[in-house]
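Read from first to last, the chains carry the letters A, B, C and D; within each, the first residue is number 1.
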Amino acid sequence: MNKIVANAEEAIQGIQDDMTLMLGGFGLCGIPENAITALVETGVTGLTCISNNAGVDDFGLGLLLQKRQIKKMVSSYVGENAEFERQMLSGELEVDLIPQGSLAERCRAGGAGIPAFFTPAGYGTEIAEGKEVRMFNGKPHILEMALTADFAIVKAWKGDRMGNLVFKGTARNFNPVMAMAGKITIAEVEELVEPGELDPNTIHTPGIFVQRIFQGEKYEKRIEQRTVRQKEA
Amino acid sequence: MNKIVANAEEAIQGIQDDMTLMLGGFGLCGIPENAITALVETGVTGLTCISNNAGVDDFGLGLLLQKRQIKKMVSSYVGENAEFERQMLSGELEVDLIPQGSLAERCRAGGAGIPAFFTPAGYGTEIAEGKEVRMFNGKPHILEMALTADFAIVKAWKGDRMGNLVFKGTARNFNPVMAMAGKITIAEVEELVEPGELDPNTIHTPGIFVQRIFQGEKYEKRIEQRTVRQKEA
Amino acid sequence: MLDRNSIAKRIAQELQDGWYVNLGIGIPTLIANYIPEGISVEFQSENGILGMGPFPFDGEEDADLINAGKQTITAMSGASIFDSATSFAMIRGQHIQLTVLGAMEVAQNGDIANWKIPGKLVKGMGGAMDLVASADNIIVAMMHTNRKGKSKLLKRCSLPLTGVGCVKKIVTNMAVLDIVEGGFKLIERAPGVSIEEIIAATEGHLIVEGDIPEMTF
Amino acid sequence: MLDRNSIAKRIAQELQDGWYVNLGIGIPTLIANYIPEGISVEFQSENGILGMGPFPFDGEEDADLINAGKQTITAMSGASIFDSATSFAMIRGQHIQLTVLGAMEVAQNGDIANWKIPGKLVKGMGGAMDLVASADNIIVAMMHTNRKGKSKLLKRCSLPLTGVGCVKKIVTNMAVLDIVEGGFKLIERAPGVSIEEIIAATEGHLIVEGDIPEMTF
């Protein structure tokens, strides 16, 4: 079994206008940088992007927004991006805001063949409008639907040709659940390793969830909020 | 934060007659041997045990069955146990059979605050009797409820005093999902290690799901179906 | 008539390169011995391993490495281990390309019964209900008739169901059959088995169209 | 009147040994600086870490280690990392003993609004709706009044809600208040702040019973 493709360009073959994509990452942490760059170059447009955030003006999904390749964002928080604001206010960009935990669980559900589940998040708010409400244990819950995508694009630390993935630190975030929910899942990794190098016990995403894998050319791994403390004298 | 208790006897303090327990393991693989032995010694009775299997006559949950400490088993497969058969046929023991995937997901749901979810498993069978049926994507699904327990008892390979757990091989099975679903979760481990010895990236069960932890005195780790091949000459 | 190994061997011909496969207990387990050359597949065992390898050599058994039949196994290079919820996420989420399992009865509409005989001791369905309800591609491996000589391919199942309308293909000791609108469509005959014999052993509606070739191995 | 740091310091007094705590952005983040001696708590950040430590020293930042505010952080010994679904399993499953977050408005029935102002750009609710709907124990940390001097403790929220009936306690620059049947129950006053001042700054129903002590630090 060999799921390795040469590069980002080859990995994103088949992504077409008006498709739905999931993209891993939280802020700029753990985003598939190389695949995003390749998507910008294809000029594919009309995309619905399911991603917790929308990048910043000149990095991450912001690059696709700049080129107006995104029709709709499905996210929990989109606040760091002037171009995003402009497109949203002008009505060019549709935005579907989803509570972060419901977003994560809806992706996992999509990957796990659970079409719908009940959650308390959002009950009594505008998020619940039009959704079924039901009491469990004396507490109201709303019914949320699974999310899937034509392509899921995730970024891992290491991976092998079977598609097994290992993530590093909080760059894990949405990547594993989105990997489960893509009809085709593309994984870009910092390092491709030989099968057997990853301990079967410590694999975060089993290869069954990944259809294509490649080693990214380079990783900028930009930090959004560099926050430090000073060493005391 | 120190969740270490001295031994199995101390760990199971508070388990009382007629409580509901979850017990990790698949067959005899990854079962909390030491806690089960301690439970036998307490003589606690009327237990509802949620466990994928019911042990064998003289090991695992079979030991509790022998002493008639179990009122009800909630399992997916219970076939390896003569005493179990006798009690079930005589009506002494109640048995609730649940499809294995629904059992696992119901435990996870219980731990994750998802009170109910839809699954296709069991539709059109007696498992679906009395359950809500709904179509999603043209396919019928049934509504399944979350499971929780007064105590969950799991067995891990290594653990630390924060309650972080690492499992080995297929001894993982139901242990992580049951750890999530116990009001109080007891973990027994083969080896207690110092905090920091477990790589934060490779922890299977974060300590937040575990309230008590101890190192088991000894592990028999009995093999149910020893199956081998011969080396070719 | 085929023996158990030949049934497994015939089903192995259905495997495609790159597939993830879940094999049930019994005849399905034997399929792993007959993977066609040039084809690479990964076996999932629902207790939590992908990349299940052959049984261990004597003396190399690991109590922490078993399959869903509770047998000691090995892990292939590139294997991965996961918990039961993730395992059934793979199954329910249709990430497995082929599921092969045994059955007591199959009906011509694809219903399957393989977990319970009223009046007999019930051991449980294990993962079977999740597997049959979820899989896109299910092959049943079984004998064409039961020990009393009664057909196991029926108009309607008489036993409590494991799943409804889910079986796509059946490989028995007598034939390969697809489940299509209207009944069991005969695809291949076991070497030396006549169409008449298959008709006689099939209680459900058997569709016989054109020439029915013998299986080749 | 308390400053932001003193609000954080007062809330820190509510911490109990062994608690898992989720701190929102803003004032709540400051609480980590005031953990009482002898008390050990673990901070969860909903992007996927338990055992979040202080900010890194200059030059030791790791792009792969951030908190939910996207700030660089460190991990304590004994920390664990997990995916977003598991993170919210902890939150939704009520494994977190205390959630502290900011608010634009709180109503006397425990409703909270902190994510959206009609006519202004909406950035999203992030994890706030999951946190408030799930937590058993929520403390709101905020100023008693907004920049225009209008009370943020209201009979009913005027802004779109984040959650209903979920806030249990509020610590402002003027007071500590519990939400009880019927309204905001005044528990403590900030040093030098009179009951009259608190009454004047509270639009919702304020319950004042017996002596109201000043906060002590």
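Keep in mind that, in the parts below, contacts are C-beta pairs under 8 Å (C-beta built on N, C-alpha and C of every residue); 3 or more make two chains touch, one makes a residue touch a chain.
On a predicted model such as this, the values are computed, not experimentally measured, just so you know.
Peer 1: Tell me which chains count as touching both subunit B and subunit C.
Peer 2: Chains touching both subunit B and subunit C: A.
Peer 1: If you average the Cα atoms per chain, which one ends up farthest from subunit A?
Peer 2: Comparing chain centres, C lies farthest from subunit A.
Peer 1: List the centre-to-centre spacing of subunit A and subunit C in whole Å, with centres computed as mean CA coordinates.
Peer 2: About 36 Å separates the centre of subunit A from that of subunit C.
Peer 1: Could you state the distance in Å from the CA-based centre of subunit A to that of subunit B?
Peer 2: 33
Peer 1: Distance-wise, how many Å sit between the C-alpha centres of subunit A and subunit D, to the nearest whole number?
Peer 2: That pair's centroid distance is 28 Å.
Peer 1: Can you list the subunit C residues in contact with two or more other chains?
Peer 2: Correct list: 49, 75, 81-82, 85, 88, 91-92, 134.
Peer 1: Send over the residues of subunit A in touch with two or more other chains.
Peer 2: Within subunit A, the residues that touch at least two other chains are 105, 108, 112-114, 119-120, 167-169, 172, 200-201.
Peer 1: Check the chains against each other and report every pair that touches.
Peer 2: Chains touch in the following pairs: A-B, A-C, A-D, B-C, B-D.
Peer 1: How about subunit A: which of its residues touch subunit B in the complex?
Peer 2: Listed in rising order, the residues of subunit A that touch subunit B are 105, 109, 112-120, 134, 136-137, 141, 166-169, 172, 200-202.
Peer 1: Name, in rising order, each residue of subunit D that touches subunit A in their complex.
Peer 2: 45-49, 54-73, 75, 81-85, 87-88, 91-92, 111, 121-130, 133-134, 160-165
Peer 1: Going by the contact rule set out above, which residues of subunit B touch subunit D in the complex?
Peer 2: 1, 108, 110-114, 160-162, 164, 180, 195-196, 200-201, 203, 206-209
Peer 1: Name, in rising order, each residue of subunit A that touches subunit D in their complex.
Peer 2: Answer in residue numbers: 26-30, 52, 75-80, 85, 88-89, 95, 97, 99-105, 107-108, 119-127, 157, 167-177, 204, 221-231.
Peer 1: Applying the document's contact rule, which stretches of subunit D touch subunit B when the two form their complex?
Peer 2: By the definition above, subunit D touches subunit B via 18, 20, 40, 42, 44, 49-51, 75, 77-82, 85-86, 88-96, 134.
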